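Listed next: structures, encoded as structure tokens.
Presented sequentially are two complexes of subunit A, the first with subunit B as partner and the second with subunit C.
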Partner chain A sequence: MNNSSITMALAGNPNAGKTTLFNRLTGARQHVGNYPGITVDHKEGYFSHNEQDITITDLPGTYSLTAYSVEEIVTRDFLTANKPKVVINIVDASNLERNLYLTTQFLEMGVPLVIALNMIDVAKDRGIEVRARKLEELLGVPVVPIIARTGEGTDELIRQAIIVGHSEEKWQPIDISYGEDLDKIIIHLDSIIAESDFLTNSYPARFTAIKYLEHDDQMLPLGQKEDSGIARQLEQIVTTVSDHLLKTMDVYPEAIIADHRYGFIKAILRQGVVTHKFDTDRLYTSDKIDKVLTNRLLGPVVMLAILFTLYQFTFSWSELPVALMGSFFGWLGSVVDTLLPEGPLKSMLISGVIDGVGGVLGFVPLIMFMFFGIAVLEDSGYLARVAFMMDRIFRIFGLHGSSVMPFIVSGGIAGGCAVPGVMATRTLRSPKERMATLLTVPFMNCGAKVPVLILLIGAFFSDHKALYMFLFTLLAWLVALVVAKLLRSTVLKGEATPFVMELPPYRFPTLQGLLIHTWERTWQYIKKAGTVILAISILLWALMTYPGLPQEELDSFAEKRIAVTESFSETIQLEIRESDNHNGDLSESALALQERLTTIDQEQSGARLRNSTAGRIGIFLEPVSSLAGFDWRTNIALLGGFAAKEVIISTLGTAYSMGEVDVDASDSLGQRLVRDPNWNSVVAISVLIFIMFYAPCFVTVICIAKEAGSWKWAFFSMAFNTFFAFLASVAVFQIGSFV
Partner chain B sequence: MWQTILVITIIVVVLLYIGKKICRQFCLATDPSQEITCDCSCSGCNEAGCSNKNPNNKKDI
Partner chain C sequence: MTLKNLNKKCGCFAKKVRQCTFGKNCPNVTGPLSETCHTGKVKICKVTGDRKLCARMASLGVMPGQEAELICPQNNSQCLLKVHGGTLSLDQLTSSNIIVQSV
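Up next is the complex of A and B:
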């Protein structure tokens, strides 16, 4: 067997199981979810089968090859530009008729095809029996039944794909009849295209002819670019045909084409390919569950109850492990304090690394429980129902049903990330609806904001943690929708487009799947804390440390210490010196001296922090930020949050570790904040609101620029969000303080 | 003194690391294909010696 690498592509309808199969074959861990639209770009992976190296590409899910959406364009462009040796078309066996619509277009394109008949177990449960051999015979391409989730049948699938990949045959398109009238036109267009070699390097002539009849948005400009004369000739013919069909039958050619494709599929299925053991109108279990869970009245109530239960579960189960983590980092700090002599390295390790990054890592157990809960909702298929129910609300605010999934991916339930959320907006066809979604998804509570929320809610509203988390989640949605409405009524005015969403069946999540999903996300959080957050914490520590105090001030503090010490008797001074070495019990007078010395130390730390680069910036901003209740330390943390939101915790941890606030080494950051006179529950809400809505992190801003195709929108997002967040915080602080 | 030298070294390494991260993000913004190519190079992965493969993404079946 030829051992040179074979290129394969995985294509199929959304939620047909492409990414599941891709992960199973390559061992990769691309995100898989029980809802459509997970893959919006193609991903490449490598594996070998019986010593045959294979390069495989996971293409986005698509219903057709007509350029209506980005996924369809990505898929078609990949096939024409890369010409993979074989395309594995994954079809959902329980939904064969609709899935074969895309298959017919692959056949018309002539791509070397192998059909993976996925989810045969689900089909069987529904009483659907699919005869793979018969389907193979009728379509003329290999058909292999598989269960991508368990890997059943994948060996045979790859074996067949390798055989097809090694065959040296040219791409052989099939001809589907589109009725007497259109067939004549297609033959005519086909001959013009073939004779003039028009786009024949990329597509078969007949395929191009059909795409012209379908008014394909990508094919028409491509044709103009290739040969404007021929393109004009083809367009004229198509316009004449379209006008004629509209006048005589009140129908567009694309509708006739779709009807005939379905006719072709029906004809195949009726030849004994599919048999239904049960009545086809029978309600499947999923439909029965949906009668309750997506009910107009009951559905939203259940949705809110599930959300609240998720937070309740997260907070109650993680309380003990979070406390243990806090104690561990407290212990680690005291160990480093004992082992290392005074100096910048010790300060960096304790204040920058342990109090900074430790604060972020301390929330790992809580994050893990939250991700587990979200994985249950996702894997079961409930998240798709949330999107379905939210569609009606989204329309009121000028967004599209397809906007819901980017919101959820960005942290709509908490714990997502705005970067894939911004990328997921590619599924939106209307540029204005897409832009409105793109600019509002960063308002969701992503995984980086969650620990900050948890820290402040835990510190200031410890009796009702789940309730406050629930309310702040609803607030994020409300603000995102109101801002979207504002954008859609002003700079992004435009018509709404229709929305159709496929609801995947409910599936019982497997424990292995839940654990893998939970661990993947938790590991991402730990990795980020150990790399980027650690690096930024060290830099911020440096900014909070240098330049140190001028010599005169240092001398002044030293003099104060001497003066205070000398005001006590020699015996007390000796007692203090000995206690430094032996940690013995101190007399009342010695305790008083120690307290006064500690106060001077804290005053010196505070003066040093204020004099540092970060301190000066924080103080510079204080006249404005104080309107919202933020002191200079909070300003430093919020500035750090532009890099990544978790940095807010690490920076506060460092600032409160270095500053003059009364610090007990074993205190958690939350306890330190509660004791700080500059903080109270009103300030906490004001800070929380600012953190939730101010500029997205650096990576998200770049992603917005990339997806919007312009830095203008990225800068708009930074400026608008920060301005809006500040106004909201000022309002909350001023009204809250007044009340 | 040794603590100061060590801290300066760590800060320099951290600055280089963050600089590289920022560079990579801008590379990705200008050319999304970088995502599946080499580590951080705006010129892409066409240079000799660049495997263009992620070794963690490979498995025998």
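Up next is the complex of A and C:
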């Protein structure tokens, strides 16, 4: 067997199982969601089969090869530019009629095709029997029944694909009849295209002719670029035909073409390819569930109840493991404190690494529970229903139904990430709707903001944690939608575009799938904590440590200590030295001495933090930030958040552990904040609101610039969000303090 | 608000309620999908709107003469339509452009 790598492409309708098959073949763990539009760009993977190296590309889900959406453009461009040796068209056996629509266009394009008849088990459960051999015979391409989830049939599929890949035959398009009248026009267009070699390097002549008749958005400008004379000639013929059809039949040619394609598919299926055990008109369980879960009145109530249950589940189940993680890092801090001598290394390990990274890692169990809950909603197909129900609300605020998914991915149900959210806006075709979505998705509570929310809610509103979390999630949505409305009514004014989406059927999530999703996302979080967050935590620790206090000030504190110590008798001083900080064994006078020495240590620690680079910046900003109730230490944490939102918690941890001397005490950061005179519940809400809405993290800003095609919008996002967040925080703090 | 206006508004509301409550008993009613507020089979009579929308709908199998099943009707709002074995969610703008007849 030839060992040179074969290129394969995986294509099919959304939710047909492309990414599941891709993951199974390559061993990759690409994210699979039970809703359309999860794959916008193509992804490449590698694997071997019987010593044959294979490069496989997972293409986005599409319904057709006409340029209606970005997914269709990406798929078609990939096929024409890369010309893979074989295309594996994965079709859902339980919904063949719709899935074969795309197949007909692959056949018209002439790509070397192998059909993977996926989900035969689901089809069987629904009483649908598909005869693969018959379908293979009628379509003239190999058809292999598979179950991508279990891997059944995938060996045979790849074997067939390798045979097709090695066949070295030229792309052979097939002809579908579009009725006598249109066929004549297609033949005429075909001859003009073939004679002038018009775009024939990329597409078969007949395929180009059909795309011209379909008024394909991408093909027309491409033709103009290739040869404007021929393009004009073709356009003139097509315009005459379109006008005639519109006048006589009140339809455009593309409707007739689609009708004939479905007719072609029906004709094939009726030749004994598919047999139904049950009534074909019956509604499946999925449809019956939809009647209740997407009901206009009942649907939103159920949706809110499900989301609230998710938070309740997350908080109640993760309480114990989070407390254990907190104790573990507290213990680790005290071990390091005991083992290491005083000095910068000990300070960095305790204040920079353990308090910083430990503060982020301490929330891993909670994040895991949250991700597990979201994976259940996603894999079951419920998230797609959430998008459907939210569409009506999004319209009011000038957004598009396709904006819902970017919002959810960004943390609409707390715990996402704005970066894939920003990238998911590619599915929006209207530039203004896309821009409005792009600029508002960072308002969602991403996975990095969640620990901050949990910390402050847990510290200041511990009696109703789930309720407050739920309310802050709703607030994020409300603010994002109001800002979107503001943008769509001013700088991004424009018409609304239609929203059509195919809903996937409800499916029972597999435990393996849920665990993979949960672990993948949690691992991302842990990895970030161990790399970026660790680096930024150490950098911020350095900024908070250096420059140290001048020698005169250090001497002054030392003198104070000596003066205080000498004011007590020799016996008391000896008692302190011998007690080794065991307060329980000390006499009353010794305790008083120790308390005064601790006060001096705290003063020195505070003075050192104030004198540091970060401290100076924080103090410089304090006159302004105090309007919103933020002290200089909070300012340091918020500045760190510009790099990555996770850093806020680690910086707060470092700032508030450096401010205190007794770092090895088991007090959590939350308890330290509650004890701090500058913090109270009003300040906590003000800080939370600022963190939720101020500038997106650095990576998101870069992503916005890339997706918007200009840094102007990225800077706008940073400046506008920070200004808006500060105004909101000032309002909350001032009104809250007054009340 | 004049009595006439009030009557007009109430009349409109009453019409909607009537449609929703007794819709099942009124076959062969032709109108936009967005205003069909009873579940069940419908026949697509016409797809209006711009060319791109018509083409997109046709590629999804929503074309004149095709039978479909309305799963979740939401008067003057978006709806769920089962056609060619798939369940489509259509927004108000789109569903108001699809003229259907109850079967």
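One rule holds for everything that comes next: the second predicted complex is superposed on the first by the 729 of 739 C-alpha atoms of A that agree within 3 Å, B and C clash if a C-alpha of one lies under 4 Å from a C-alpha of the other, contacts with A are read in each partner's own complex, and residues count from 1 in each chain.
Just so it is clear, a residue touches a chain if its C-beta (ideal position, glycine included) is under 8 Å from a C-beta of that chain, and two chains touch if they have at least 3 such contacts.
Predicted model only: the values in this text are computed from it and were never measured.
Asker: Looking at A:N295 after the superposition, I want to know if it touches subunit B, subunit C, both of them or none. Which is it: first, second, both, neither?
Answerer: second
Asker: After lining up the shared chain so the two structures overlap, which partner does A:H49 touch, if you call subunit B first and subunit C second: first, second, both or neither?
Answerer: After superposing on A, A:H49 lies in contact with subunit B but is clear of subunit C.
Asker: Report for A:K184: first if it touches subunit B alone, second if subunit C alone, otherwise both or neither.
Answerer: The answer is neither, since A:K184 touches no partner chain.
Asker: If we overlay the two complexes on their shared chain A, which of subunit B and subunit C does A:H215 touch? Say first, second, both or neither.
Answerer: In the superposition, A:H215 contacts subunit C only.
Asker: Tell me which partner A:G343 touches in the superposition: subunit B (first), subunit C (second), both or neither.
Answerer: First partner only.
Asker: Name the chain, either subunit B or subunit C, that contacts more residues of subunit A.
Answerer: Comparing subunit B with subunit C, the partner touching more subunit A residues is C.
Asker: Of the partners subunit B and subunit C, which touch A:I536 in the superposed model: first, second, both, neither?
Answerer: first
Asker: Intersection of subunit A residues contacting subunit B with those contacting subunit C?
Answerer: In subunit A, nothing is touched by subunit B and also by subunit C.
Asker: How about subunit B: which of its residues touch subunit A in the complex?
Answerer: 3-4, 6-7, 10-11, 14-15, 17-18, 21-22, 25-26, 28-29, 32, 36, 53-54, 56-61
Asker: In the complex of these two chains, what residues of subunit A are touching subunit B?
Answerer: The touching residues are 25-28, 41, 43-49, 154-155, 158, 341, 343-346, 348, 532, 535-536, 538-539, 542, 698-699, 702-703, 705-706.
Asker: Enumerate the contact residues on subunit C facing subunit A in the complex.
Answerer: Per the touch definition, subunit C meets subunit A at residues 39, 41, 46-47, 49, 51-61, 63-65, 69, 71-72, 74, 77-78, 80, 82, 84-94.
Asker: Within their complex, state which residues of subunit A touch subunit C.
Answerer: Interface residues on the subunit A side: 63-64, 66, 68, 94-98, 101, 214-215, 217, 250-252, 254-255, 257-259, 262, 281, 283, 286-287, 290-291, 294-296, 387-388, 391-392, 395, 401, 496, 498-503, 505.
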